[in-house]
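Each in structure tokens, the structures are laid out below.
Presented sequentially are two complexes of chain A, the first with chain B as partner and the second with chain C.
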Partner chain A sequence: MDGKQNHQKWQLSRRRLLALMATAGAAAVAAPLAPSLLTKVRGASAATGGQRQTPLRQWAMVFDLRKCEGCVTTDKAPQCVEGCNAEHFVPQGQEWIRVFEVEGAAGHNYFLPRPCMQCENPPCVNVCPVGATYRTDEGIILINHDRCIGCRMCMAACPYGVRSFNWDQPPNPAGATFANYSPEYPVPHRRGTVEKCMLCAHRVGDGRLPACAEACPMYAVYLGDLGEDIATNGKEVVKLSDFLAANSAFRLKEDLGTRPRVWYIPGHGQDEGHDITVRSRPKKARSWQEQGATLEHKDEGVKK
Partner chain B sequence: MPSWRPWAARCAASMAALLMGAVPVAVAHAADPPAHVEAVKIRVDLTDGGFNGEPGDFVLEVEQGHVVEMTFVWAHVGYVEEEHIMLLEGYKLETEKLNFQNREGTIKFIADKPGTFVFKCDLDCDVHDYLQRGYLKVKRAGSAPPPTQEGQGTGSPTGAAPSGATASGSGTAPSSGQAVPVAGPTLLPTKLSVSPSSWVTGGEPITLMAVLTDAKGKPVPKAEVRFSLDTDFAGTKGQVALGVAKTDGNGVAFLDYQPTLGARRHAIAASFEGQGLYDESQQVIQVEEVGVPPSAYTMPPIGLAGFRHWAPRALVLTIVVVWATFGFILYQALGVRWARARR
Partner chain C sequence: MAATAEERLQQRVLAPVTHTSRAWYLWLGFLVLLVGAGLFAYNAQLQGGLAVTGMRDTVIWGLYISNFVFFSGVSMAGTFISAILRITGAEWRRPLTRIAELTTVSALLMCALMPLVDMGRPDRVLYLLRYGRLQSPIVWDIIAITTYLTASVIYLYLFLIPDAALLRDGLKGKVSRLRHGLYALLALGWQGLPEQRRRIERGAAIMMVLIIPIGVTVHSVVSWIFGMTYRSGWDSTIFAPYFAVGALYSGVAMLITLMFVLRRVCHLEEYLTEKHFRYLGYMLAAFGVLYLYFTFAEYLTVAYKLEGGESLLLEELLLGRYSLLVWSGFFGGQILPILVVLLPATRTLPILFVASVLVNVGMYIKRYVIVVPSLANPLMPYEWGVYTPTWVELAVTGASFGGFVLVFTLFTKLFPIISVWEMREGWERARQPAGAGLAAAPAALSPDAGGGAHA
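Let's look at the complex of A and B:
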């Protein structure tokens, strides 16, 4: 009798089994969510306590090609390139932002500035064998030159060809040896490593425009924040989503699925009086040495 | 016998005198007054609510002998398909057809006939009889001589009423009020009020309500109210357009706003540009963010990131199921063993 009762006690009914399974499933789902829930609770308490968190930026760039005329009407080299060269002491032979003269479908020519696209799905990051190139939470692709082994896999993977390799020791400005290197501002430059535009991470973090945007005399370069849905070229502030939608903005090689964070507004410099029938190549940009850039005056860059 | 020559000469002189005296009279009755004569300028706006927004009798007064220039301005906000040909009965004058494309029509004449004359739209209907009907009172000339010659009158260069013109026209005159001559367009004052006038938000969306009224508190319908946000981004200060909302029949416009700016305090400006008829008006409201507004952009997981998103959950679930099964089997086995042991 006792044995039978004991057996009934240990017997598991179907209902009980299902309840146990459901509890276990719920625990399994809730376990990975717990950290994020805790974060939310902490965020709410911080908000009510007056310690308000600043949301992360989601940086983006917009090039208004209606205003970009390759600086040919001003008879100068593209000022965005020169501004970048002076700001970052870009080694000669490299251009972190390059202005291409492109022939349109109607036989006209227009100019296309091409910085790093800061892709959301960056092939360069995915292929890097040592994790030297990475994407920040704010959407900027950086390179840690302390890690970079110079394999150039990222150069092969980048569909936009924005990366350059230092085959030799590039010249550095005076005092660069003692500069505090950081991936946001990679000075001094190093031999055997890969470099590229990094959206002037050191500037935008301080609430300033990238050097190319600041140098553009036509205000054709916009820095945007997708999170706040806002962008500026230093002259006007626009609502980014409306600005892109209203002007039929496009991205380069969208079909590759890289999701670039650089948009272009179609145009051929018409707002600045560029004559599409005149073939005029952009002038060669001056290097930082030719501009006389120094570390002390790096923030001055090229002024409008 | 007197000679016929002196008589003929007298007759000729009399005729000449008569003819010379008749010249001003002929000018005064001419359809087109001389260009050098300064006119009393009257502007009448044809609005949805009648002349100058005032339904009912609309009376203008001028003094006999003045040159009057009446300008009718098509100023509809809602009824954009309205067309008018304005008639001035008694003087048998009319404007060309006024509509959305052709907004202004002017009739210029000498108010030589005293009396009260109707000016109205040529369309006969009750609404138009009520809304688009006015009266021009031409008062008999008083003691002051009308200025008919340039230099003789004392009219101001801006086209204000010449001296002696006790009566005048107006763009803003109430139906029975004194009219004031105007040189340019007269804009009706408006008042814009936005609610809430300030609010504290934790990032949640809010509906902004703007109420647009004229100087008398009447709602202004179908008016565009623009909302913009004062910002300071990357060292650039400016205004970002949030959207445009149209007022309804009660003069109320709504706009849904989702805060996205990280700044703790910012200002939203609502403005009405007047649309050529009304004066501009604006109101600024203050917003204080205490919470973190949601990001306007959500990046969907891509490739490995997507896998990383659901893979840990799937792994944990699998482990739990395996261990639960194992535990259940163990539980059953132990139960059997213990049951046998007790026997």
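Let's look at the complex of A and C:
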């Protein structure tokens, strides 16, 4: 009896020892992996932390589609695209913000400018194998072009088709070549890496509007801060939550659960006198390198 | 009687090891040219960037990723079949296990190369180790593929040890000292002692159980590269088993193709008999029907609802710009081969060979129409993407197939393509039908024990 109990005790302790060893083994395996699991936004703190004394912003954007008519009434290419292209020396064939002409369900057509959605649950960040794309504490998705390996998994994952790839080495003019590269201002551009809109992280931090908002002649683009609940298009300042609620704002592909930080106020350019019966496509915006030259677009797939 | 049978077998399978024909050199030259052309093309890609491929911002992946899925599929079946047949004690496995295992290793090498070729920044490949994040499906792939490759090489090697000893003892003085040294090294001092046999059997028993789940993980995580996205056609819960069954189907077909060719070239008619092809044909039909079932389930659930992006994609697949590919792949690669295998009248070796090739042509098409159309399908109101592979991609693809065959060509030059000691073991078992315990049951299924039980 005694001996049996002892035996059981010994068995129990052995089992416990085995369990302990297994736990220790698992911990030893998991320990080096834990940081990568926990810090989804590794590099984010390095990118933004401690540089500014101002409180953290939670950046957002609002596009008032009542004012957006794809710049067709001005007979120019969409000015937000042109402004963005010039600001970032956006490589030929890419459009970091793009204006789509959408056929609405009610038979009307309207214009939809699409920058990066800066999702709160970003599919692109989740799938990146090396942590090259990450979300900052201020809610902007950035790309570290010194880290990107060019696998394009993020492009497959993005449900908004926001990302572009430098298939070739984009030409960099003098102004771009001597720019001080940072993920906030990814110039000069590098071959074999992924590019996208980064909400002009280099500008908004200094209290300036994104290039697209500044370039919009209709003041249809608002930069917002969810933390302070405020937004501005450079002409007026609104209370962000009221502005969105009062105007039935929506987000793109809401049902996917990506939680974009870009809102749209429904409309079809009526404030700017856009005639919905007239089918008029927005002009193709030209990148900085195409100004004055007729170059063939490399990207056949996205040609309108 | 068995002794002479073994001598005959040794003569047959060691013939390519000791004698090199001119045809072999010609064939080797052809393969080296093929691989060389691929290297030349890849060099062009290194110089010009991925701009030299047909991929662009809408269709961001093309032939490289199709090859990746294809070779991972082929790789899954080889070791898997070998392990399943060993575990179940199917005696007829003996002449084909090594071919199956080599298929896995060779295909997996090509499979692992493809994502590297597809990288925009191959100079940063080590970042995957330095900064790898476990939440990325790409990292799952790296872990699964390296694990499977390691396990498959061990698995192939374990059963090669006694044969390496055979070569070491039998070819002394007949081959160069370097080569003899290689055999001696690989044989690990194998003498056929009972203790050595016990150890190798123990190792093999562990490996053949381990390798099945590892094989399944590989093709599952390959499917999750696609399944973890929101894209129409990829956003599917059945992708992992769907891909795994497709892999078995394609892999069995590849095994039949390779066995048929090796049988002809190395004169193995005595060992790779019609029965082996018939049994593999049954497996092919079974996996084929299972794959049909998955295909049906996948398309029906989509077609019934006709949800936005999915219906756009489905229309292009079944009726639109990809319909020729889809339907030819479906009838040529799924329906026709299965019918041919199931009908006794058409179940002859040459027809089976053609059917197995058709299966893999069809499965390659299937991989292409999984990868490309889902990318071309617009996510926003823009036009469909277009993709036409360039010569660079075609040359690299050709080289990957060339490399796959090259591994076989070189292997048959160095080692017997049929496991001599396993065949011997089979004969020994057949000669002792009254043998105790486990040995008795498999012996009943052995080729020499009268086919009545199994056929």
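By our rule, the second predicted complex is superposed on the first by the 232 of 304 C-alpha atoms of A that agree within 3 Å, B and C clash if a C-alpha of one lies under 4 Å from a C-alpha of the other, contacts with A are read in each partner's own complex, and residues count from 1 in each chain.
Everything that follows uses one rule, which is that a contact is a pair of C-beta atoms (placed from the backbone, for glycine too) under 8 Å apart; a residue touches a chain by one contact, two chains touch by 3 or more.
Please read all numbers here as calculations on a predicted model, not as lab measurements.
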{"item": "Touched partner set for A:G273, first chain B, second chain C, both or neither", "value": "neither"}
{"item": "Partner chain(s) touched by A:N126 [first = chain B, second = chain C, both, neither]", "value": "both"}
{"item": "Which superposed partner A:G207 touches (first chain B, second chain C, both, neither)", "value": "first"}
{"item": "Partner chain in contact with A:Q94 - chain B first, chain C second, else both or neither", "value": "second"}
{"item": "Touched partner set for A:G107, first chain B, second chain C, both or neither", "value": "neither"}
{"item": "Partner chain(s) touched by A:L223 [first = chain B, second = chain C, both, neither]", "value": "first"}
{"item": "Partner chain(s) touched by A:F165 [first = chain B, second = chain C, both, neither]", "value": "second"}
{"item": "Interface residues of chain A shared between complexes with chain B and chain C", "value": "126"}
{"item": "Of chain A, residues touching chain B in the complex", "value": "2-3, 6-7, 10-12, 17, 20-21, 24-25, 27-29, 31-32, 43, 47-48, 52-56, 58, 120-121, 126, 204, 207-209, 223, 225-239, 241-242, 257, 259"}
{"item": "Complex contact set, residues of chain C against chain A", "value": "48-51, 53, 55-61, 115, 118-121, 124-125, 127-128, 130-139, 142, 225-226, 228-231, 375-376, 378-387"}
{"item": "Chain B residues touching chain A - in the complex, by the definition given at the top", "value": "202, 231, 233-242, 260-262, 264, 289-293, 295-297, 299, 302-305, 312-313, 316-317, 319-321, 324, 328, 331-332, 334-336, 338-339, 342-343"}
{"item": "List of chain A residues in touch with chain C within their complex", "value": "33, 36-37, 40, 93-94, 98, 100-103, 112, 114, 123, 126-132, 147-153, 155-161, 163-169, 191-194, 253, 256, 298-304"}
